[in-house]
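Common to both upcoming complexes is chain A, partnered first by chain B, then by chain C.
On to the complex of A and B.
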């Protein structure tokens, strides 16, 4: 049995799980507050270039070393992502532009903005030098000494993976127990009712959208700095859309998102692991078809063939404010 | 839902002044957003220590300052016209096809297959076969979200995003297997691409007639694109389907009451959109390259959305918007040659332009509908019955009472 292959595929899947889950959580905050965000891919793209720059800048230029340099790199990705999400927030909340339109514009602009930033950061427009600083991998006692090659799954485990997975607790708690989260969700379900209870809908929606940018940006920063080691144009590979798919399938629920993010992460990982593609059923299926799985599953689910997809009731709808204008 | 009834009297009251209002408002919005973009761009240019006047004039010089430049601009505009039309058609019916991206990618694969397999056909027939194949490919890819929308209510935005993802993998598979490049000389480094298409299957050069360099690859497809925009204009202004589509887009409830079958209309506009999307990639593979490469130009579908908005979803406006986009894109070359401003500045400028366009149009639309409300206020007391915000939303066709990602049972069928 190719345990090693499975383990390595798992290892890759953890990486992609992290990217998809963090981005998905971003989308969750935004959409739970009532603002549809299909610009996740664009937010991630901005996160990749600024995260890669941040890791290098804080680690080498400012000489902060481990672990603060790479951590501040992630923070840089989050900050740029949030700033870029601010565009979406201003457009959709203040000016009530259609959420889909604004999201598409975000994705479109992100590619150019990333090149522009890259030019400013690295002096070249489509990539940075490889081998940038990243967080030291963790060795978890027990897991890293599993027999039969299974330990490979936890080799080079980035702390970000653990943090992303643990993020489910604070997010769940915030959304279900904190006044802030309940109000945020109220804005996404019924903004008029929230308003009548004295909740400032726009403020919460702004917070939701900015958080989505921070999470997606951090995810992009992780992908560029920690996983790949440098920024390269196109390195997000549509993972922002896969995150959106996972978010939809999870019914906008952070706990279920955990599962779908990992599942889709695994689907992305299979074709990258040569040994596994020689194995079992997968052998006869071209890798390109495996890559289609997340999208196909989502279409099937959204069409109502399997289960039920129920988004926040007011997501995508402009809130007119107290008196309307 | 109750507000829909209120929208009807407005249509009767609407007279020429309102129409003029709309036109002026839209023109003002366009000028304002262009102004904002140019100003914001100027600030950036100054930040790079250059003169805005010089940079802007070098962009114009490069793009419209010579016959060749115009040729390049029009060649860039050609696919964007198709792409923006593909976005505009369903948009009029209240549907958002952000799957033009996937549709044109799949269409390129199908057209490439036709070119490779039907190489025995004489010139014009091969080209027509390839174009038809592309349109059918685009339609097939658009049919999936269209049918799902009509039968299950699955939101077209989600399904088209997913179809885009599938399309990217599909083209990868096609280039690796059925359409693999196998005519390469022995031992040569082989790119991932299709075989070269037969010479007679390539769309002829149009630019030569006007003294435009062949390097611009300006082709007859430009005329096809302009013709397509007139066809779309005719469709919406002069045919029953166009009328019904606009009715569905404005107010599904009223359209149904008026006897239109919403599902049939939605499916038809989506198929038309797919056919138009199919033609997006033809400039690239039949005029520019002569084969389908792995590094085909992406995002033409998404750019089409920007161009459609710039052209206010009007078929003729789209042609000019695509040309304006082409002017900016071509201007990149000028920055590359003689300026400290990085060439990416143009993409930023395009981004600012499209952002200010969507925001100013939105403001203009609200202003206009507010003014219309005032006008109605003198007509009937009915108008005062409902909250202004509700009526406004109904008028704008934004009466999606459930969100963009709404499930089947909440949606208008």
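On to the complex of A and C.
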């Protein structure tokens, strides 16, 4: 058994998991509040360029060093992501633009906006200097001394991975135990009923969409600053859309999303290890098919073969009664 | 309800303006800007347009090398700075053909496509612009219908492919790897598989290593089979780590921007790596630098400079191949702590033997 290969595939999958899970949580807040957000990829793109800038600016220029520089870099990614998501919020909530149209615009504008920000931040339009600051990896007692090569899975583990995984607790609690979460969900299921009980639908939806930008932006910042070390155009590689697929498959549930985000990450990681691709059944499957797994699973699930996928009832529907304008 | 429709219209209009403004390639920032104003004398007779590929200006590699050739030509007065223009492909390269066509429409005498991916587009449009010279770095446009393209070479006499014998340069760094590590396993990380281009790097590298140690084992991995393989450092790092784990002491990459992943992996594994296209030691981070043994230098700047020169003196025509003999390739010497002078001496010997034809380097993997 290629334990080392499995361990390294796990290590790679943790990276992808973090990106997919954070972005997916973003989509979750937005969609549970009733605003479909297919602009996650665009929000991530803005997060990558601003996160890479923030990590460098706070660490080197302001000389905050570790760990505050890279952390503030992630915060910068989240802030820019939230600001950019504000466009989606204003368009869909205040002006009631079709959510899909606005989301597509978000994805398209992000590419140009990223080049613009890159010029402003780095003086060049498609990348920043390599080797930027990133958080010091953690060594977790016990896990980093596992026998049989399994310790490799937890080698160089970024603290962000742990933070992302732990995020499941506050998110679950906020959605299911807090009054705020109940109201947010009510806005996504039946905004008319929510309003009749005195809930300001627009306010909650704004919060949901801005949160989605913050999470997706932070995810982009993590990818650029922490994983790769510099900004490069196109480095999100469609992970925002994979996050969207994971979100659908998870039935908009943060606990299930935890599993699917990791599963999709692992599916990406398998073809990257020779030891695994030489192994048993996988050997006979073309690499391209393994990479298709997440998408096939998603389509099968949406088609209703596995369990029941049910989006928030009011997601995507314009809500006219808010009177917020 | 009132005027929300009006407001929506205004918003949409505003968004589209933003989209248009941002999506527009920031054109001539490369040519303009930091030039020293009025060059003493320059050739006013020709105009040059250059279309960069994915990565664009500032990639510290392929595109920047092409730009260096253009800047050198401007400095030497082969073309006036105000008569040049550049544009950059978007992150998936889907606007390559539009970018080239825009330059051709604008009537530039010489239009340069920086990268093999420009070949199909230029092959298709070249007959419509008989007065424009097209040069494609690494191109295969003149291969014609045999390569699945629209026009055969006779129909597009105004197109020239400038290619390199990457296998010759890769031979040198392969020999450098085998000389340096005195080990039995080294690695090669390729970008896009299946075009025959990156396979040339692999073939030369393997041949060079085997010239030193006939029994050496070269691990080979490719990132993917489309052009995004050149922009995926995460996969590059994963595959490199995998090869270091499997015993590779030194890894050479021909994977464009994905090579950044190799350098990250090299730092984690504390093993050596070899760069490509430009001297990547110069642009690496301080923790990566000591681990970059050398780089295979591809003189894209020479190709661009030559095309501009030829257009200026009316000798443009026909494809060119740049080998070691034409100074089209070299290896970098910026890390003498690792690439010691006795290794350099042996490499220079090999270089001379290749130029003299005593060694023929294969251009496809065995």
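One rule holds in what follows: the second predicted complex is superposed on the first by the 320 of 325 C-alpha atoms of A that agree within 3 Å, B and C clash if a C-alpha of one lies under 4 Å from a C-alpha of the other, contacts with A are read in each partner's own complex, and residues count from 1 in each chain.
The rule we apply is simple: a contact is a pair of C-beta atoms (placed from the backbone, for glycine too) under 8 Å apart; a residue touches a chain by one contact, two chains touch by 3 or more.
Only a predicted model underlies this, so the values are computations on that prediction, with no experimental measurement involved.
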Overlay on chain A: chain C relative to chain B, clash or fit: clash
Dominant contact partner of chain A by residue count, chain C or chain B: B
Which of chain B and chain C A:104 touches, first, second, both or neither: first
First, second, both or neither for A:13, with chain B first and chain C second: neither
Which superposed partner A:233 touches (first chain B, second chain C, both, neither): second
Partner chain in contact with A:37 - chain B first, chain C second, else both or neither: neither
Which of chain B and chain C A:207 touches, first, second, both or neither: neither
Which of chain B and chain C A:91 touches, first, second, both or neither: both
Partner chain in contact with A:316 - chain B first, chain C second, else both or neither: first
Partner chain in contact with A:124 - chain B first, chain C second, else both or neither: second
Chain B versus chain C as contact partner of A:116, first or second or both or neither: both
Superposed model, chain C segment overlapping chain B, candidates 24-32, 312-320 or 348-356: 24-32
Shared contact residues on chain A - chain B and chain C: 87, 91, 95-97, 105, 108-109, 111-113, 115-116, 119, 125, 320, 325
Residues of chain A touching chain C in the complex: 4, 8, 12, 15-16, 87, 90-91, 95-97, 105, 108-109, 111-113, 115-116, 119, 122, 124-127, 129-132, 156, 227-230, 232-235, 237, 269, 272-275, 320, 325
Chain A-touching residues of chain B, taken from the complex the two chains share: 96, 98, 144, 148, 152-155, 157-159, 161-166, 168-170, 172-173, 176-177, 299, 302-303, 305-306, 309, 342-345, 347-348, 350-351, 354-355, 358-359, 362-363, 366, 370, 387-389, 392-393, 398, 400-408
Of chain C, residues touching chain A in the complex: 1, 4, 7-8, 11-12, 15, 18-19, 21-24, 26, 29, 54-59, 88, 90-92, 221, 228, 231-235, 238-239, 241-242, 245-246, 257, 260-261, 263-264, 268, 283-288
Touch list for chain A against partner chain B, complex: 31, 34, 36, 38, 87, 91, 95-102, 104-105, 107-109, 111-113, 115-116, 119, 125, 238, 241-242, 244-245, 248, 286, 288-289, 291-292, 294-296, 298-299, 302-305, 308-318, 320-321, 324-325
